[in-house]
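In the two complexes below, chain A is the common chain; its partner is chain B in one and chain C in the other.
Moving on to the complex of A and B:
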């Protein structure tokens, strides 16, 4: 079985992360309940006429994929695997509202086409002329991890040698509006820097695109080795430690082997308990890191967590802004990422120094 | 890596029947499920025909024993019913005796409720329970719950009209790699105004019965359906002394990389998908006994797919037919229901007629099977081609 490496990364997020030569050097301390991404100059990557027609999710996905391919020094890949919770939700909203407002008349196909979940993966393939395997996973907060697992299996078995894997979601006005109604979004603005002390219900919603080139040969400049990915549709708080123990055992690891625990806390007092189960329990003495105060919450936010883990391993450095406790590590060899959203769709992802 | 993956159970609900037996009986007797739309109030009701399932949401909820406070979309309801049939058919009594996962697929997801309550959400608290049911993964979470699958790998694929074929593919990969012993795979999509109007704007909806591979084809009929298969590893089959219905022998996915919605005229993507599937199966084109074509009856699909047949099979295209005239095009579920039809074809050594065919296309000399035909079948190839250039082929066989 071949080993699987993260050859390159690309992140478009609510922080300035699209430039791979930087690593959270300047932080934006947002103060809001819904965040947008810090846009790269899309025109540097896409002709302006094409960019105008593209939904935001497509634009972010296409540009992130270009950044990742550039860094990996590749013209093309063997496969493209995308994860997205809602796809290009702005176009879905546009098509539904136009359909209702105009009583099913005078509709045009553009927003219908862009609302198809696999439109980002399809557009990336179209741009690259990539005729290879092309899948899109759409399972809430494990959409990205499903894509990652699929890629890992293919690379391990040498069915492909380079795969572009990414998570992308855009925020839409109506989606935000109705999620405020059911209190999935915080009622009060909260600063990024105090998110984890907020003690309120709901999350700070956001958007983003995080893409990676995975390969089964280690290239110069590779970020990390992908050890394992596991997902769970349900996991009660009291079952979390057992699932973790089994996962670590399968990968021949102990708690002590984990140099950093990266967690997907989003400051929602109703659901952060799962994370506390680990941070106050078995990982009490392990350096802990969080990321959703920087990138906000969206179905593929954990791809930003993976970006953070990969960057920390390559740089052998933990930025102050992500530290949750004072525990320090001299060597970053193994990083474990744990994520869930609203108590469902949990995932463990393991990265190693390579 | 080339071992076949066993299929030990299947379930289906479509416009031609509420279970496997009803579907098969309609297929061999040439009974279509395509008719005027009755359950959705759309201004296009006289301009389109659809493959609609006869049961209301209330009837489906009653079948599942759901309480009135449930927030199931029709996609979730149909999916849960078909998946439960598949699990019963595979005689699974304990989900915990093997590592069991679920890979479902959908394109519509909870859009049926979203379009119904889009503005009402803003003022009516009673319907807000459906907000969380919009995203595509929600129906899958509910199906998993109905099946008693917990703490496990449960995911959803959405690659437009090839989705369920891709769910079968990923399920097979999970078993081959040893991640899981048993995976329930398939897809579910209900009819919605969203898809009806979407396809209407693309001008590919027929105003009459769809006629795949016919020179005068006018487009597709939409349909709704759900279908699931139970895939099991050799070890699980052996240990449980399970009856195997058929095997997933090969699979391939490729991208046409030609256009966001249209297929390339020369069928690049479909050709690549069939080539890959044959390679995984370790088979030659002449080993294929029957093709259940994607055959949507759009001008574009049937030309592209027909060209791909010629590129793979030369002048010796095996017997083929499209079952879309029976069910309509059920989008993400199509690869699932057609997988069930492929297995039934193998079990009964029977090829279904391509209904409504009259005139061969002028571009090539391809004539689908138009009568029910009995013939020894060992392998069936099933195609699913979709938006975003997504092309998938799955090969089913009697032998592992």
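Moving on to the complex of A and C:
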């Protein structure tokens, strides 16, 4: 069975992360309930004729994939696997609104064509001329992990040698409005730097695109080895430690082997308890890191966590802004990422230094 | 007639998301498809819906579209002669 490596990374987030020569050097301390991404200059990557029909999510996905391919020095890949929780919501909202506003008359094709969940993967493939395997996973907050797992299995079994894997979600006005109504978004503005002290219900929402080139051969400049991915649709708080113990055992690891625990806390007092189960319990003495105060919450935010973990392993340093406790490590060899959203769709992702 | 032409140029730019094009850059006789503004078949569908929605004109024969959508001039002439609202 071949090993799987992260050859390159790309992140478009509510921090300035699209430039791979930087690593959270300057932090934007947002003070809001919904965050927008820091946009790269999309025109540098997408011809105007192609860009004019693309909503933001498609642009973010296409550009993130181009940045990842550039860094991997690849013109094309064997497969493209995308994860998205809500797909192209902006065009979906536009199309459905037009249906309602015009009494089901005068329907135009563009927003309908671009509204499907697999539009991003399709547009990336069209741009590259990639006729290989193209799949989009829509599994709420384990959408990205499902894509990652698919890529891992294909690479391990030599069914492909390079795969572009990514997670992308965009904010749509109506979607945000609905999430506000059902109190999934915090009522009060929260500064990024104090998100974990907020002690209120709901999350700070956002959007983003995080893409990776995965390969089954280790290239110069590779970030990390992908060890394992596991997902759970339901996992009770009291069963979390046992599930994690089993996961680590399957990968021949103990808690002491984990150099950094990366967690998807989002400051929601109703659901951060799952993370505290680990941070205050079995991983109390392990260096802990969080990321959603930087990138906000969206269904594929864990792809930003994977970006962070890969960058930390390659750089062998932990940016101050992500540290949750005072525990330190001299070497970053093994990083465990744990994520869940509203107590559902949990994932463990294991990365190793390579 | 001049007003309709200006209106059409603005509508085309807005509805087809031609971010880098201004009203002044579209000449009345510039071809809209192919070498001119570079519109394509999806844009043609958008224009057919626009004629229906904004001017009450239903194009029943798609072959008609080729002549009507040749330029802003031909579109404006057709709209002036056939609009119902």
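What we mean here is this: the second predicted complex is superposed on the first by the 354 of 354 C-alpha atoms of A that agree within 3 Å, B and C clash if a C-alpha of one lies under 4 Å from a C-alpha of the other, contacts with A are read in each partner's own complex, and residues count from 1 in each chain.
Keep in mind that, in the parts below, a residue touches a chain if its C-beta (ideal position, glycine included) is under 8 Å from a C-beta of that chain, and two chains touch if they have at least 3 such contacts.
Keep in mind that this is a model prediction, so the values were computed, not measured.
Once the two complexes are overlaid on the shared chain, A:280 sits clear of chain B and of chain C alike.
Contacts of A:140 after superposition on the shared chain: chain B is touched, whereas chain C is not. Look at A:128: by the touch rule set out above, it reaches chain B but stays clear of chain C.
In the superposition on chain A, A:250 contacts neither chain B nor chain C. Applying the stated contact rule after C-alpha superposition, one finds that A:53 touches chain C and leaves chain B untouched.
One of chain B and chain C touches more residues of chain A, and that partner is B. Contact with both chain B and chain C is seen for A:107 once the two complexes are overlaid on the shared chain. Touch criterion not met for A:75: it reaches neither chain B nor chain C. When both complexes are overlaid on chain A, the residue A:233 reaches chain B alone and has no touch with chain C. In the superposition on chain A, A:173 makes contact with neither chain B nor chain C.
Counting contacts by the rule stated earlier, residues 105, 107-109, 113 of chain A appear in both its interface with chain B and its interface with chain C. Remark: chain A residues 48-49, 51-53, 102, 105-110, 113 touch chain C in the complex.
In the complex of the two chains, the chain B residues touching chain A come out as 1, 42-44, 102, 106-107, 109, 111, 114-115, 118-119, 121-122, 128, 131-132, 134-138, 140-141, 144, 149-160, 166, 170, 173-174, 177, 179, 193-194, 197-198, 200-202, 253-261, 268-269, 272, 386-390.
Here chain C touches chain A in the complex through residues 15-20, 38, 42, 45-46, 49, 52-53, going by the rule given at the top.
Chain A makes touch with chain B in their complex at residues 80, 85-87, 92, 95-97, 99-100, 103-105, 107-109, 112-113, 115-119, 121-123, 125-126, 128-140, 142-143, 146, 149-150, 153-154, 156-157, 174, 177-179, 181-182, 184, 230-235, 239, 243, 299, 344-345.
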